[in-house]
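Here's the structure, in structure tokens; my notes come after.
As written, the chain order gives the labels A, B, C and D, with residue 1 at the start of each chain.
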Amino acid sequence: MFKIGLIGLGHIGEVHARNIARHPELRLTACYSRTEARRQAFARTHGGRAARHLSEILDAPDVDAVMIAASTDSHSKLLLAAAQARKPVFCEKPVDLDLSRARQTAEQVRQTGIRVMMGFNRRYEESHAAIQRQVANGGVGRLQIVQLTSRGPNRLASRDYLRGSGGFFRDKGVHFFDLARFISDSEVEEVSAMGAALVHPVVRELGDFDTAIVNLRMRNGVLCQIDNSRTAIYGYDERIEAFGSEGWIESCRQPDAATRWTSGTQARISPFPRDIYARIGGSYYRVIEAFADFLAQRETRVPTIDDGLAAQSIAEAATLSAHEHRTVRIDELP
Amino acid sequence: MFKIGLIGLGHIGEVHARNIARHPELRLTACYSRTEARRQAFARTHGGRAARHLSEILDAPDVDAVMIAASTDSHSKLLLAAAQARKPVFCEKPVDLDLSRARQTAEQVRQTGIRVMMGFNRRYEESHAAIQRQVANGGVGRLQIVQLTSRGPNRLASRDYLRGSGGFFRDKGVHFFDLARFISDSEVEEVSAMGAALVHPVVRELGDFDTAIVNLRMRNGVLCQIDNSRTAIYGYDERIEAFGSEGWIESCRQPDAATRWTSGTQARISPFPRDIYARIGGSYYRVIEAFADFLAQRETRVPTIDDGLAAQSIAEAATLSAHEHRTVRIDELP
Amino acid sequence: MFKIGLIGLGHIGEVHARNIARHPELRLTACYSRTEARRQAFARTHGGRAARHLSEILDAPDVDAVMIAASTDSHSKLLLAAAQARKPVFCEKPVDLDLSRARQTAEQVRQTGIRVMMGFNRRYEESHAAIQRQVANGGVGRLQIVQLTSRGPNRLASRDYLRGSGGFFRDKGVHFFDLARFISDSEVEEVSAMGAALVHPVVRELGDFDTAIVNLRMRNGVLCQIDNSRTAIYGYDERIEAFGSEGWIESCRQPDAATRWTSGTQARISPFPRDIYARIGGSYYRVIEAFADFLAQRETRVPTIDDGLAAQSIAEAATLSAHEHRTVRIDELP
Amino acid sequence: MFKIGLIGLGHIGEVHARNIARHPELRLTACYSRTEARRQAFARTHGGRAARHLSEILDAPDVDAVMIAASTDSHSKLLLAAAQARKPVFCEKPVDLDLSRARQTAEQVRQTGIRVMMGFNRRYEESHAAIQRQVANGGVGRLQIVQLTSRGPNRLASRDYLRGSGGFFRDKGVHFFDLARFISDSEVEEVSAMGAALVHPVVRELGDFDTAIVNLRMRNGVLCQIDNSRTAIYGYDERIEAFGSEGWIESCRQPDAATRWTSGTQARISPFPRDIYARIGGSYYRVIEAFADFLAQRETRVPTIDDGLAAQSIAEAATLSAHEHRTVRIDELP
């Protein structure tokens, strides 16, 4: 049984707490949020004690490992603190929105020798994971093309969120840059991205994008296509496919139930899920399972800080490419 | 918050305990099994106290309602005891394998005035429920045909289980007889069933069936077709459809994930789920939600003891029909 | 090259003429209809000569084989005449609506030694045929259940047509009785049918059905379920499945194109085909291919007169069963 | 009735001849191939006379319109000759592999005032066409992204064919460049393509690609993604989707039949079609229908020479982009 201290008690913190409860080897023993009322309420609902200071998590003997689900700008500081407290860490992406600070943190963490798992939960979505496994096992032969589509419901974040998000590629694209590396088992060489602000005036005003397409050339020759948007009025639409010399595999679009019916002479199927949890909710449990395996040293192929840095680099390159209308080599980046 | 006492701590009891934990208005406060070790372990895992006697559930002030998930032959006794203790009850089907004893219990329970909900969870399977709603709302016009298919994985129960099960129609068919009534919103008038023992010698030996098809004529003119088997080597295969003068609706077969791929020139999709929980697992939570609504008096259309008796009567008639190779009118039954 | 004489130039005659034109080994050399204008126009469009008398088909040296697509009441006479003219025949079902006259004709034809193929085109629908092949090859192991659904668009035939049709089971059901025998590779032992007139008052008035469900028990133990209606407002809906101890196979419902789209938050797919040709149109060509193979003696497993008689017998038994509300043994029939 | 003279009697010529025969308003009256035996055999099979010289098509009073299905290098000469003979033309793409010669021919044809339809049959594929219609009708709101996938069976063309084909983008991509313009109803502004030779050594040797991905930015802001390969061992795989602010529509992958089955615990569906005709065969008839409508002046939105030139320009830009690893603006082209 591993005793978990959770830092950050927002929406994603709740998701993790519920999944910890479902796992036979994990127990939530302490939780921390800056807001006292929040941490008290959280502890009542999910069990464990409410820590009054970070040190009541980081230095506590009843905490074997730390999960960081706090706001993005505190990740690097918390990550380093946990590592220095010699506790293994699960950390939501990104290490730091600023890539050089992220690299520095990574280096400092590395020196502690403490093991860190980054929360790239999409690697654990059942059908996405099946693609990676099948490709790795040679099921599609020589991999040629990977396609990743992810379009989220049209609920525009606030102007403040958008301004602080680092732009579309850093905020939303980074999950798919990680998947492109994960599935192709290779590093990016060249990035060519096109972005557009076609729907939301505020996005255009901020010089950001609400629609984007990206081509990646991987070192091993694989070509990747990604498209993203946050303007799908019909729901959460995500799919991936991999194509190679011996076959093809797809993690399909998913309706939110398995009903088909007619309405007059029309034919209908269950609509797309209204939110991301209905589409990839299972991955949030499986990433927690992987964390338990990681703590038990049964699993070593979890996403690392280096994976996080690599995905961020691609996001940087994509941002540059889209703004300058040119192909960017990943080794151009500082 | 409703405090629940659970009687019967086998597989289905575990499923209920986990779903009670997920529900914000329910709390498991006590559990009972004849085996002390079992109830101690169960209480440790799921919370609440381990009751040493039934009376520590039935008469306890910290139990607002009783859930009965014990073995079939104890249902009628426990149901009556709980009603007499003036606690509302959730009871797994059937009330009693013996129809006349079931009717007698129902009558006695009725006299207590206590409310009972029968655990026909399939009514709460998302897509099955959508069919009922759409039919009730006139979405298919004048309902004409209801089809129900359910084929379970080929894991033959023990000879003892089979002998005590009351036969294929009573054991397995009864869920679908309930659904036929639920979706058509009518009572059965005539039953014509055919049964066969095509796969398992032990089933044939016992004079039972492993394969069956049933036609029902409902009072409102609707025609229902049911087919059941317990010999599906490919997994758990269940589907329902309703057809009427203005349309059609289907709760489709469901693969266990949304992956498609090729293998050479073959094309494959995710296989059928290996067990019933992967197919209708969600219904076990929704039936618990309905129970909470029932306790809070927000929902009155839950399955009742009378629904249980009606489904059992159809099972009796189907058994008779299959063995005598003739159409049986439901009013022929004693 | 086989030279074909076609008798009966209505809708189905046109379908056959077009398919003969597509086949490299067949040529339409003569056509006959009672109406002169019709046969002249038909010959102009489809080629071949317009025969003024039946004898110009039956006795013509430029006719190697006869296709009978005339009205149902003339089938038995034409079939016998063609056989006596020593020409192999393709004949639309049924031989004769009157079963005893059909049997008599069959006997007389048999004495001529002439080979006859019945036009059960559904055996040649690509996915239906795949089921039969897979079952015959042991792909589903010990066959247990066959299900056949066919619901046609709601275009009610005229009162006159209905009155002359012999009732729902003889008119519409007979194709599926043939498929049940074809797929199960066995003969029917017992029939239990339920019929209802739920939509069309004229059907009820005539004592006929617009909705029907049928259970069949085959001699080899297989159980078959059939449902039919002519009231599908959403299009042509046909599907078949076979289930056995080693697997399952389905000839699926088919939309009329492969488009999916959203409309607001709804999700839609291409609707059902508006007519039977869009669903099983390919089978009309493949049955003509089989006829060419039959003429060339390359194929012997075509549907025979005996198949036609067997399907009619089942229709008789189903009619009796539905009207008398009882199970009918096929050997009860005179 | 329009009388058609067909030039070029290879595979695609045969396809056209069969579709002309199916169309009530078209008749094949003459056909020409350089090889006498070929044109004689073709005329015997498909009707019409075998022309001994081109002039017997171009100047013949029994030819209302000319269809050009000859080898690519003869297109521009034949197109001009037909226009100068004052006969409307249906011409297979491209006008000329050399873009400047193609432009020159286009200009000369324009001066004749004769109407020309280019054979971009994919615009007429039923589900592809549905996407264009729905987008044009505002069904997806503000169009944002168009995706086009086309992967053909892995039957490598000869080295000679490849060398003369103008490269992957000119040979295979051009259909999809046309569709991108057709669906987005806009012109290309920027092209960013990546190509790779991952499977066939001969392709790599020739400096060509067997795998390619392309991003297009259209003048109206729409972003398009295309991926192509000729190495799909599993069959013919083609799909298109369009995404916009109000919805999404897809012309789906299509299996070659509608069968589903299990094999052990695996689940299978009908495989991909083995050749292009099984996937988009219907479009070859509908493009001929459009040609009849064009001749009858009922339809004016057919693909024109200018459409052909535009698609070729995109192919040039894509070729440049892929070889120089940079984004190419379409107005850079000479």
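Everything that follows uses one rule, which is that contacts are C-beta pairs under 8 Å (C-beta built on N, C-alpha and C of every residue); 3 or more make two chains touch, one makes a residue touch a chain.
Keep in mind that what you see is a predicted model, and the values were worked out from it rather than measured.
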(message) If I rank C-D and A-C by number of C-beta contact pairs, which comes first?
(response) C-D
(request) Report the chain whose mean Cα position is at the greatest distance from that of chain A. (result) C
(message) Need the CA-centroid distance for the pair chain C / chain D, whole Å please.
(response) 40
(message) Counting only Cα atoms for the centres, state how far chain A is from chain C in Å.
(response) 57
(request) List, in ascending order, every residue of chain D touching at least 2 other chains. (result) 233-234, 246-248, 260, 262, 264, 270
(message) Looking at the complex, which residues from chain B come into contact with chain D?
(response) 233-235, 255, 260, 262, 264-272, 274
(message) Residue numbers of chain D touching chain A in their complex, please.
(response) 141-142, 144-145, 147, 149, 151, 154, 190, 192, 194, 196, 198-199, 211-215, 217, 221, 223-225, 227, 229, 231-234, 237, 243, 245-248, 325-327
(request) In the complex, go through chain B and note every residue touching chain A. (result) 21, 126-127, 130-131, 134, 139, 246-254, 257-264, 270
